[in-house]
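Below are structures written as structure tokens.
Two complexes follow with chain A in common, the first pairing it with chain B and the second with chain C.
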Partner chain A sequence: MKDFIIPNWDETDMGTPASKATEQVTLTIDGFPVTVPAGTSVMRASAEAGIQVPKLCATDSLEAFGSCRLCVVEIEGRRGTPASCTTPVAEGMVVHTHSPKVKKIRKGVMELYISDHPLDCLTCSANGDCELQDMAGAVGLRDVRYEGVENHFEVRQNGEANARYIPKDDSNPYFSYDPAKCIVCSRCVRACEETQGTFALTIEGSGFDSRVSFGAKSDNALASDCVSCGACVAACPTATLQEKSVIEIGTPERSVITTCAYCGVGCSFKAEMRGDEVVRMTPWKHGKANRGHSCVKGRFAYGYASHNDRILNPMIRDTIDQPWREVSWDEAIAFTATKLRGIQEQHGVRSIGGITSSRCTNEETYLVQKLIRAVFGNNNTDTCARVCHSPTGYGLGKAFGTSAGTQDFDSVEHTDVVIVIGANPTDGHPVFASRLKKRLRAGAKLIVIDPRRIDLVRSAHIEAAHHLPLRPGTNVAVLSSISHVIVTEGLYDEAFIRERCDWDEFADYAAFISDARHSPEATALLTGVPADAIREAARLFATGGNGAIYYGLGVTEHSQGSTTVMAIANLAMMTGNLGRPGVGVNPLRGQNNVQGACDMGSFPHELPGYRHVSDPAVRDVFDKLWGSKIDPEPGLRIPNMLDAAVDGTFKGLYVQGEDILQSDPDTKHVSAGLAAMDCVIVQDLFLNETANYAHVFLPGSTFLEKDGTFTNAERRINRVRKVMQPRNGYADWEITQLLANAMGAGWTYTHPSQVMDEIAATTPSFANVSYELLEERGSVQWPCNEAAPDGTPLMHIDGFARGRGRFIVTEYIATEEKTGPRFPLLLTTGRILSQYNVGAQTRRTENVVWHDQDVLEVHPQDAEVRGIKDGQWVRLASRTGETSLRATITDRVSPGVVYTTFHHPDTQANVITTDFSDWATNCPEYKVTAVQVAASNGPTEWQEDYAAHAAQSRRILPAAE
Partner chain B sequence: MTTPSHIGTEEKLVRMANQIAGFFATQPKASQAEETAAHIRAFWDPRMRAQLSKLLATDANGLSPLARAAAEHLEQSEQV
Partner chain C sequence: MPKTTATADLADQVAEICARHAMAEGPMLPILHDIQADFGYIPEAAIPVVAKALNQTAAEVHGVMSFYHDFRSAPAGRRTVKICRAEACQAMGANDLADTAKARLGVDWHGTTKGGEVTLEPVYCLGLCACAPAAMVDGQVIGRVDDARLEAVFAEAGL
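Take a look at the complex of A and B:
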């Protein structure tokens, strides 16, 4: 079946990581000549030659450790039997992997291991998936001579409790730790250190007494530092660390390569299946974004797909105070089409619009904007990228000529100095964070610019060289000060600027930035960052080697979001940090397909490929293919749609896979806008908050139920593959097609690959992209066309997309949202590891054990003057509204700053946020709100009303006979 | 409760126009009004531009001098 093809990538465990050396070495193994890069282990060289040396403590995702001695070999001219995993190859070496001597040693080693291991293979959850079992077979172990000796696995021994026995730890919701089965190979410990970088596991004790432990002896897995990334579980050769789903369901029988649907890292996974049930999701070692690693969300939090709350039948209602009525797909689609056309007849062509989803596939997003442009006949399309990375598009577009990150994730391996600004990678982009931390442990320097002391500032074996804890809203001032230091101290890269940018333009910029008002001494009062810290950070970045800048929503979600992006571009250009590995400007995208949603023409002024709708030549390309007449006028952006709705000129909205009521700022304004519309259509998995105001609910499908592509933060187009039939009946792209056809479109797509072909035919940066190419390559980074047939891992190598890079003057302009006597504190918002965005999916998984409610972080000083205690309910009020949540007292935030997440609808942090927005793109200013905090007794009246209203609007009538 | 963030669409348009003008006012070029107008032309839907144009007729509209100049420029260019 076409859908189930897995690219033919070799999954063999080569034992040790590949060597990056270029020099080649030839040796002989069991009589076969083998040529491998210098530095390769004898074990890996053997594997290259097709010879599997038995092994237990080695695996190719980790550095060799050499503890089990199962992999011993004989090497001519050398004494003894060295471990092949820790012995590097040498020119002319002659190796014997299967001599009588090593065979005997291996049998002995296995016998010892097995004597301390229960012989319950038949009923063991790892039966058929256990390396200990495999190795016992491989070395020909037939009997074990040590019976009745001391062991770790028997609960009782000689009639007494066995003091060595440790019971199973089931505290983690997703995997169990059964010490009785542990062979102490330390693969888990090394995975936690090397791959994940959390250092949650240690080996305690020594010799026969050594045991794996989650930190302090009393700790269990859940209470430890463990972040549940699953790296140790994947590395464990036995059933000791095992997914609970495997224990429950059994071992998988097939697997399909697909892409995580959570964050913008875009990790590749193997969906391991039994029938149409997912047994487990394991990170795919050939995935180029994640290189075999994962985080708790993609690895474990997929249970929402089969959650009871999922709506599987379409529903309609005439008014939003009525209960929902379940209807057939035909009736729902006809009802919707009639309503939308009716609105257009009465209020004009431009009175309806739609919102594409950053969670859906590129193909689905492309079809939604096509529906709006070709069938609705206007450009009222927008996407939730509006509320996160629209300033990236604008800012980088102006500076470089393309609206995307410049590097691939591999680039971080070549970085010497990293600036992380307004991003919290360990929580928001965990797999990238692990790769970054690995580089930092290897010696790269880190500068963190963030109001909050994020985990990266100080965690196991990581310490930032500088943390600049700026006041929320002063990004431009801080970045300008850094540039001021670089320019006035002459630390800029003149050769790069002369070659790649316009020197006169730089001279203008230099004159601007050299002014004393940008000096760190002048801005310190404003930003709260000591001048010395800025000077040192600037010098480090300019002179420390390859410098890379990674940023997130703490940059974009400000009234000067676009200006900050330009300031970042300036900084990268003046230090010559573009166009090679280890450098660059790297926006960390929030949702899985934010990049794709932007690429696919979701914005009201841009057709796919970032081309303005006013360009007749571009419109013509689409009009010819679509038989349409695209409106040359830009359409409404989300906040404009809501304003127009309140004004009565915008009446109908098709929302695919977004929850604007919860995710957009100023909840009351959003609900007023939605309530003013005649037809709101929500297509989603669950009755989300927006659906409280909807007239039509079209049940959506999950990423497991459809084919398509996601584009991650490195512009990497990854395949999403269908592993089961849509439980709701249709993939999302099919639903959009049904609606389009009910409105007279006559579309005939039968597979998303045809949509990709249409994208390639119309969009130059995708010209060579096809499903065939993706099958062959696994993934590809756009631009992928005649000029770059293999795609483009690094952008701007020889020149910028726009020709010369442009320095843009970035003057700091304070936001209008200001603190005062009534609202003396600044609220800033963010996210945490276990939850995702509005939480609709993660709240419906076991991930809630890590975060069951949003809490407000308050500095001890601010708490003390207000008499607030840790864990107490507090009232959080801004000029816009108020809500209540529990406080947690911490010095992670500076005095004067409070912080919360927005994962739970009960908290509705966005009741507080204002509708101030980025000057260029209207990206809302989530990151700065003036607030007051006071002790309180519990939820506010508004929260209770809201909960009651939500319950009311979610009533569903029993299906009619 | 009227608060700075709960304002009508017109006031919001004024705020947005002033913000855009605020950025272009910092740019060295002599073409600040044109650039501001071009930005609005590129990103605002026709009904928003029409509202802005209507606002020009009122005196106390709150537009900054540059935003005003841009709106006038825009009005002229849309008429041709």
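Take a look at the complex of A and C:
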């Protein structure tokens, strides 16, 4: 039962947020001396002393509001009974929290609340989890003298319909809003504003008529601006805003702290359980990445784990045109091992390989690359980071010496100017976006560099100081012109550069960047961004205080992805924005464990810890432990594996938790490569698109069903804890071990902690990491070793990992993917809040109510020229292929640019994308494709053929009895 | 997504009103007043337009608008009659007066007669306590209101 232990952190609601002041104040509360930071509320100071002042409208995730009047106290020398939540402590203050006077007031207040609240506690969904109920008990309410002449909770009053009664709003798929139970404490409204930053809720009316309202008068929860993050539901003290799963199942009886398996923010969650059923996932307030916040995916979209489509038995087939045959684990593993060894005998040791998953744990990824290196005997391992953040690893490695972001997420609270480039945090990394928006509302400035007008450019209470709507593919030109302005106008931080970088190298770089061809005036023609806007943005970033750069796949997924990452590093170094809170270079990682997958040696040329396979000393460390002889030659990258397959030299592939057919570019090339192999093994939750070409399907387990760790975008190693038994029988790491042992490996792991111990023993940046440490600390950021036993929240504080920061010349070279008469528009791709990546999980949840198909965003001008109407089917064609989807007409995209998402396999946006890729890392150029758009009648022939083939490939024979 | 979308005309007109107050500090109330002055009420379709102009949300505009009873969400009758219900007027018979008015018009508080002639509303103190009971007809206060004066108002409204 060791795994069910929750780190022992107090979950007491302290009532108001902690004060960040350093000055200490001592006061006396109910006779006890208490010392707290100045600015602390009397309520929080009492809680620190172990005295709970009754409260309803206060909670420690929100600023004090002072509306419920239940928390009144008496303070000696002050008149009246001030609210303890809004009263700050003062030196020498003497507070009485339970005097006869305040006790009487509280009882009276409570009586009034209850006079307009139904007394149906026994059948209420919040029974046992209701603060109103708790407070009624705490103040000793025994009787309600008032009978409301008018109330909000009775459907009928005096035989007539009650005009004040508002029926329950069940429009949101995950939670319900029942106004009859509302005490109008405003916690939900404040959570939506302060925590989430969406402002979808309000209090309508005044006085007794005050009610919580989603959006305007005729809106409901679904029709409003609500993004279903669940902050309001978490803040609600009653059953008014309640998860539907709790209404259906009942209150949870235990909880396990774990880590969300969606994006790279890596939010900590409490999986609240009843038996082995998840009742709800609630964000954990001590989670250091999310600080108690969540988004619709992590909070609610976990239903895929129990979806009917999930495959629970292993399946095999000899050829891909046959139906699947369900077999025992033994048979499946033996079949696979025999096939793989057979291929190697016939085609050589290097004829097989594998792909590790950024969705799986560090331990699982480590074992897959160990399987490939030690058991397969080659380095043909790659991971989906190839197609997302490989340029980050390369670029930051070259500039700073470490292939990772430099900050923790808390750093955003100290930033003054933020550049967001090629990222759409409100959709892709929503919890980080909420933290960023909070900082922006507090006055930080924002520069958005994106071809599309993302929500951060302008949405409620935030507005970017500059939006630079560049043409897709011109990132390097824009960043170079920003650097040009900073260098030529003398806005660089000379002291920082002299101290931390090589001055001569900077001088060379400065000479290069000062050339007139990099000036905003010269690049404006290429980039489409006005020179003035670039100059102003550059001045703002260089002179506005702490400057932080956050970027996403809009930077990396280009033919110059690595160059752009280096340009970002240059910009941060020349402005001195590294090595302290509020600054830094922050890649926003797409998948939950993309950082971890890279760290764990998934790449064909790197062993765990980013150490090249050609280094004999590093190979020796592993060879000694594994009893292996690691191939000194780097293996094949994903695109090379597919090329080799088409050439007939690569015959077998083990794919764990990846859907390369849907997610990798140029779908037709991927399918041709897969079809040419003799043994494709897919290990996944569902029969994904890649599985259409597989010979073996090994059912995978969800993050709820296994132990392990994920490493998020801030290098934070978070624990994933098993809350239920794997429905498929084995955790993914066990399946890899079964396969390894069937191939003669002789592994004997019984728990992922042993794998972590092996990682720590072999990888210097993980040297001090162990499950014991993670139990104690909750999480830790690598490097975590002798030099940094507590981990490293901020990197490069006194010097760069590589010694001196390196300025690298970043010449802009236009992509070969160019528009022309046949393909005059540029397609760029992205994602949407409610769906995740290829959608395998989110499409199998209620999240589809927000996004049930991919649509193509077209600018009104481009639409008009082509006679395209909103909602109409259009044909989207590139040099590579074509597909059809519906158009939506919007000026969010610039003229000449179209945009879509890739969440749905029936659209297959990647049929369109080309096989151009980053010069250094082969990261595909998803973000720029020259296309043409024309009106159409419906799906293309290719889409229909594809759908028919998919249906054919997914047939499963009934199991032999 | 708000369900109600503004017609182009209404959106332009509301956007123009918002633009007039763009430089003001705390412009939401003056904007809402101007919209009500122009349209006679605040159409729901105007709310997203105001929200966009102020970079706030529809919920926030709705919250402010619904807080003040004087902002209407539907058009009023041709005449609006407000009868004071504050203490001094109640002491001088305002409740009876209100009952008479309700019976005569066949509507309850906030109701409008079928033909759209009169909207009846309560108001809490017009500052005319010396001449209680008081009422207000389309912004004009009248004092010492009795059934006859009220009837005259209704008759003039075409009832």
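We take it that the second predicted complex is superposed on the first by the 960 of 961 C-alpha atoms of A that agree within 3 Å, B and C clash if a C-alpha of one lies under 4 Å from a C-alpha of the other, contacts with A are read in each partner's own complex, and residues count from 1 in each chain.
In this text, a residue touches a chain if its C-beta (ideal position, glycine included) is under 8 Å from a C-beta of that chain, and two chains touch if they have at least 3 such contacts.
Predicted, not measured: the structure shown is a model, and the values here were computed from it.
Shared-chain residue A:301: touches no atom of chain B or chain C.
By the touch criterion defined above, A:36 lies against neither chain B nor chain C after alignment on the C-alpha atoms of chain A.
When the shared chain is aligned, chain B comes close enough to touch A:604, but chain C does not. Using the contact criterion defined above for the overlaid structures, shared-chain residue A:224 touches chain C, although it does not reach chain B. Once the two complexes are laid over each other on the shared chain, residue contacts for A:666 go to chain B alone; chain C is not touched. More residues of chain A lie in contact with B than with the other chain of the pair chain B and chain C.
Using the contact criterion defined above for the overlaid structures, shared-chain residue A:930 touches neither chain B nor chain C, since it reaches no partner.
Per the touch definition, chain A reaches chain B in the complex via residues 350, 379-380, 508, 512, 559, 562-563, 604-605, 612, 614, 633-637, 640, 643-644, 646-647, 649, 666, 668-669, 808-811, 813, 816, 879-880, 914-917, 919-922.
Touching chain A in their complex are the following residues of chain B: 3-6, 9, 12, 15-16, 19-20, 22-23, 26-28, 39, 42-48.
Those residues of chain A whose C-beta lies close enough to touch chain C in the complex are 198-206, 213-219, 223-225, 458-463.
Residues 1-4, 44, 47-48, 51, 55-63, 66-69, 73 of chain C are the ones that touch chain A when the two sit in their complex.
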